[in-house]
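Please find the structures below.
What follows is subunit A paired twice: with subunit B in the first complex and subunit C in the second.
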Partner chain A sequence: MVQDWRIVALFIGSIVLLGVIIGGPLIYAIMLSFYSAKSFIGELQWVGLKNYTSALQDPLFWLSFTNGLIIAISAIVLQVVLGVGIAMVLNKRFLGQTVVRAIAILPYFLPTVVACLIAQWMLDPNYGLLKSILASIGAGMPDWSSHAFTARGTIVLVSVWLWTPFVVTCVLAGLQTIPTQLYEAARVDGAGAWRQFWHVTIPGLRSVLIVVILLRGIWMFNKFDLIWLLTKGGPLNQTETLPTLAYRKSFLEFNLGGGAAVATISFLILAGVILVYLRLFPIDDAKQGR
Partner chain B sequence: MARISLQNVSKSFGGDQGPWAVKDFCLEIEDGELIVFVGPSGCGKSTTLRMIAGLDETTSGTITIGGRDVTGLPPKDRNVAMVFQNYALYPQKSVYDNMAFGLRVRGEAKQEIDRRVRAAAVSLDLEFLLDRKPRQLSGGQMQRVALGRALVRDPDIFLLDEPLSNLDAKLRVKMREEIATLHARLGATMIFVTHDQVEAMTLGDRIVIMRDGLIQQAGKPLELYDRPANTFVAGFIGSPEMNLVDGQFFDTGGRLEVRAGDLSVGIPEKTFARSGQNVTLGIRPEHLVISNDSPLEMTVNLVEQIGAQTYLMGTLAGHRMRAVFERRDEIRAGDKLPIAFPSERLHLFDSASGASLRIAQRSGKIGAKENA
Partner chain C sequence: MKSHVERLPIDSDAQVPGREPIRYQPSSRYGKGVQEKTFWKSFKKCSMKFGLYIAVLAICLYSFFPIYWMMISSVRPSQRLFLDSSLVFWPPDFSSYVSLFQQTNYIANFINSVLMAVGTIVVSIVLSAFVAYGATRLRFRGKTTLVASMLFAYMFPPLMLAIPMAAAFRSFGLTDTLWGLLIAHLAISLPLAVWLLWGFFKSMPFDLEEAAMVDGCSQFEAFIKVVLPLSAPGLITVAIFSFLLSWADYVFALILIMSDQRKTLPVALESLLGAHDLRWGEVLAGASLIALPLFLIFIFCYRYFVAGLSAGAVKG
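This part shows the complex of A and B:
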């Protein structure tokens, strides 16, 4: 049948394309991690697991790992809590609802580099907007980029600013699928706003939240551009994460094998966490449970 | 258990100027009564129920439950329980937790909750389903859980909003019987909303028929059947629908009759009609009789055999007419049958307003707008 081979051709075509674009670099990176190399054109030298052992023995690796976890978890918690809150407000009917919804989603359209530049412009210790405002009331401002807490905080805040709209959009869609009669039944049962939230809204959003937390988790743990643009891993590696460490090793220290090993370990950790997460919170069951 | 009183209850979704979803609804519901609100879609029956539940605010008027004015109170302070058309069970909670939720919210003791949930489960045949989630239940079982959730609360009144509409025909009859049994056993005050006149006739101690936000008539099922207040009620109650023929009323020297084209039907007793008035003559299909003495002849156009009865559609003196007889196998389309109108079964309505001319209309109350 004509239709059949066309479908097969499309299928094979896309598999080949994915293989070349995703599979190729992936396999190449994993392969690189077993070699010592100074550049992509230089000669490769087989070193076995040495890159892995030295990465795992490196305190900087573990610092980067915990930094990544702290930044990812605090960003996700804030994004989800704020996202659900904002979505619930936007889900209510009020004058100018459409305009406010559009504005709320706007930050998501900003390129990361623009958002980071705006953040730097506001927070710069010498000529920043915040500095001027504080100065006008006679207050000083510490250099946010020279303290671990404030530097991490800035990364988290900018990420919350950029990606909470994504959570808002998903949760808003989820809220609209919850039947209003469930809220009415809860009201007749005597439940106030808080109980309605816990017993109707949150269970109704379960499947949306599982997917949103998973996606945001993956994206935040792998975040490179935002961190590199804001802090470059500083001060003193206090905002170094596994992606920035892999980049630093590969392209600043010209240790391609070491960078590839860090990237591969990071990939394996993430894959393991996702498997456990999906086992704990199966998406299918969640859908049926609604 | 409680008495409910609705005084001039009105609801408009567009402010004080209307349009009115419900207008000047007045009704006294006795303790332990099962009242059915019935009418076509958009007649205001569900809105009235939701106002009693507190889910919709009243625009004007007062609602009292057990002598207590509840007009401005939220649902949780009215001690009402409601069963929804699509059951509205909490999807992530088990059957047990669905039924227990209302009691937990009210801070009942754990043992008391357990006792009540299990008692309700036994009475509704749900003991073996307590651990299931709603998605694992059939429609009938979900409806029983919804009833159970209402039952455990021991509310003053039960409000049922088209609870049987999502069930298939057979299950609907079964659940209807269960609700009737439940009502008889509990003796609770219940309000049941439906658009199905058979449900209304079979369940209701009294029926309230609504249209366009107005009560058309309220009364016992057979009262509505025997003495419909207007043509709307006449057409709504009874299946197949009542035959309605437009004509003119004449009082010629004490002989009362209605003439409609070639048809002339004598009226036996005094009515509120004036000679020359445009009237609508009504007779139910099941009240037509085949009588060889009758000069009236009906030409049969269609015969429907439904088993115990035979439904006919035909033409009589130029008017379309339905008739229902005990099973008659020999009648065929094209037959001509001599038909008589038993005079005690006739209904007479004013053509302009639709109001009955055989029963006295209480002005300002039932069907007030119709008779104005």
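This part shows the complex of A and C:
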């Protein structure tokens, strides 16, 4: 293969730039987590693992961790169940299929800010749409942001609305790859719609679902903007997660080292979970099923 | 299914002399009135169809109603905003939009957002094209590691990038500047861009460039004149997703930008809501204006959105 020096030079230059932009902050974050940086201007002071030990001893850290798990897992379960359901419907033939598919994906492309503002507007305890609906049937509107369950529920609800379309698109693509002969064979064997779904559709979607659950899990666990916009971690830290905790430490308490330590720990936890997940459900193995 | 069960045994067995054709179907289904059966069948079919359309309608409502509600609320006059919950509002009243433009920095913020998006798109495309092309056509060690690390990088916790950037930008004088924010947006869009284009270049046969090179082009010219024009769909997909990431970014703009004049739309909008008097009309007008460019692009580039999604363009 002929290799043009200009191609090589541009490639190396771009890689270096990429490394500086992405790798640089990563290394600096890990470095910061070993220092005590009490403000943005002050000197850095080496403290070793102190940021880590104090983070791990903080009950708020563990509360944030479990909150994050609860929110992420419930959001993923709902996204996958609803996503597969919607995809099964959209996979049928009906009038205006293209338009309906486009509408069903639309929320995915909305900025998180817009979705959160819509949710806050519709669920506003004084002026919201839900309040007028509840009032018309004579029920009162609770303030969702002041109870742990409703605050978490709202976060899960908005994230399901925003990101289910991703599951829908992937599952729709996956459904195309299941050979129709399998369905015919199942019907000949007397399987009804329900058993066809469990024994043909779900195994056929296995590889897609493994990837989708992995990606959505990573993104839900790392979610900062949605939670910060909706609840800011409240009420009483009941929706605090590791990303919001890292933000709070770094930018509200000006404890950069502590925030970096929390971010690093959550990154390590995530990397560990991903490794276990990939060991349990190898993607390469799954791809052969496609 | 019916044809299989019915035809196969009867046709084959009937030709064997001296043997009764075997009927596999229970006689009750065929012996009794055929009319009753077809009626039942068509009723079942009809109700299935009906159920399908109900489900489709429910999906559309679920996906679109919140967006519709945002837009319809933004064109209600502010004195009726909190009282009126009718589904249709006519004639539209744009006073919320007017006061949004007059009383806030919305236009400056809009320009900032556009600048960020354009910068992110251009730099992402250029850099990721070089990296992805090199990764598919050059021979070197650690190719797989490079591509895998791209996939890994776009799953970093955003704060793992934002905290050190906030600290480091202080010493480079990039704090509270759009240049700093551009670097941050590149850090989230580049891995995705490289990943998408890598998939694209990988599937493009080397013969094309080879043909151009036989005709006297250098490899660089072949890349510019043959490969890039042919990968226009891939480049458009990269452009769209870079735009989305930059346009929708809240985290980095929140952390890296402080002054009102330099804020991008998402942060500016959120700070409107935090203002002393709750200005829902203006907030919803602003939210509709953020969504509008997205909708326009979505309508015209729908297939690139779907192509990008199935190629692994995850956002969120």
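The criterion applied here is as follows: the second predicted complex is superposed on the first by the 276 of 290 C-alpha atoms of A that agree within 3 Å, B and C clash if a C-alpha of one lies under 4 Å from a C-alpha of the other, contacts with A are read in each partner's own complex, and residues count from 1 in each chain.
To be clear about the criterion, contacts are C-beta pairs under 8 Å (C-beta built on N, C-alpha and C of every residue); 3 or more make two chains touch, one makes a residue touch a chain.
Since this is a predicted model, take the numbers as computed values, not measurements.
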Given the touch rule stated above, what does A:62 touch, subunit B (first), subunit C (second), both, or neither?
neither
Which holds for A:206: it touches subunit B only (first), subunit C only (second), both, or neither?
first
The chain contacting more residues of subunit A, comparing subunit B with subunit C, is C
Is A:184 in contact with subunit B, with subunit C, with both, or with neither (first, second, both, neither)?
both
Would you check which partner chain A:198 touches, where first means subunit B only, second means subunit C only, and both and neither mean what they say?
neither
Can you list the residues of subunit A that touch subunit B in one structure and subunit C in the other?
184, 187-188
Help me check something: in the complex, which residues belonging to subunit C touch subunit A?
1, 4-5, 52-53, 55-56, 59-60, 62-64, 66-67, 69-70, 73, 81-82, 85, 127-128, 130-131, 133-135, 137-139, 146, 153, 155-161, 163-168, 170, 183, 186-187, 190-191, 194, 206, 213, 218-220, 223, 244, 247-248, 250-251, 254-255, 265-266, 269-270, 273, 280, 283-284, 287, 290-291, 294-295, 298, 302, 305-306, 309-310, 314-316
Flag every residue of subunit B that touches subunit A in the complex, lowest number first.
53-55, 74-76, 80-82, 84, 86, 88-93, 101-102, 105-106, 133, 135, 149, 153
Under the stated contact criterion, what part of subunit A meets subunit C in this complex?
1-4, 6-8, 10-15, 17-18, 21-22, 24-26, 28-29, 32, 37, 40-41, 86, 89-90, 92, 94, 100, 102-115, 117-122, 124, 126-127, 129, 132-133, 161-163, 165-166, 169-170, 173, 184, 187-188, 215, 218-219, 222, 224-225, 228-229, 242-243, 246-247, 250-251, 256, 259-260, 263-264, 266-267, 270
So, in the complex, the side of subunit A touching subunit B is made of residues 179, 181-182, 184-192, 195, 199-200, 203-204, 206, 288-290
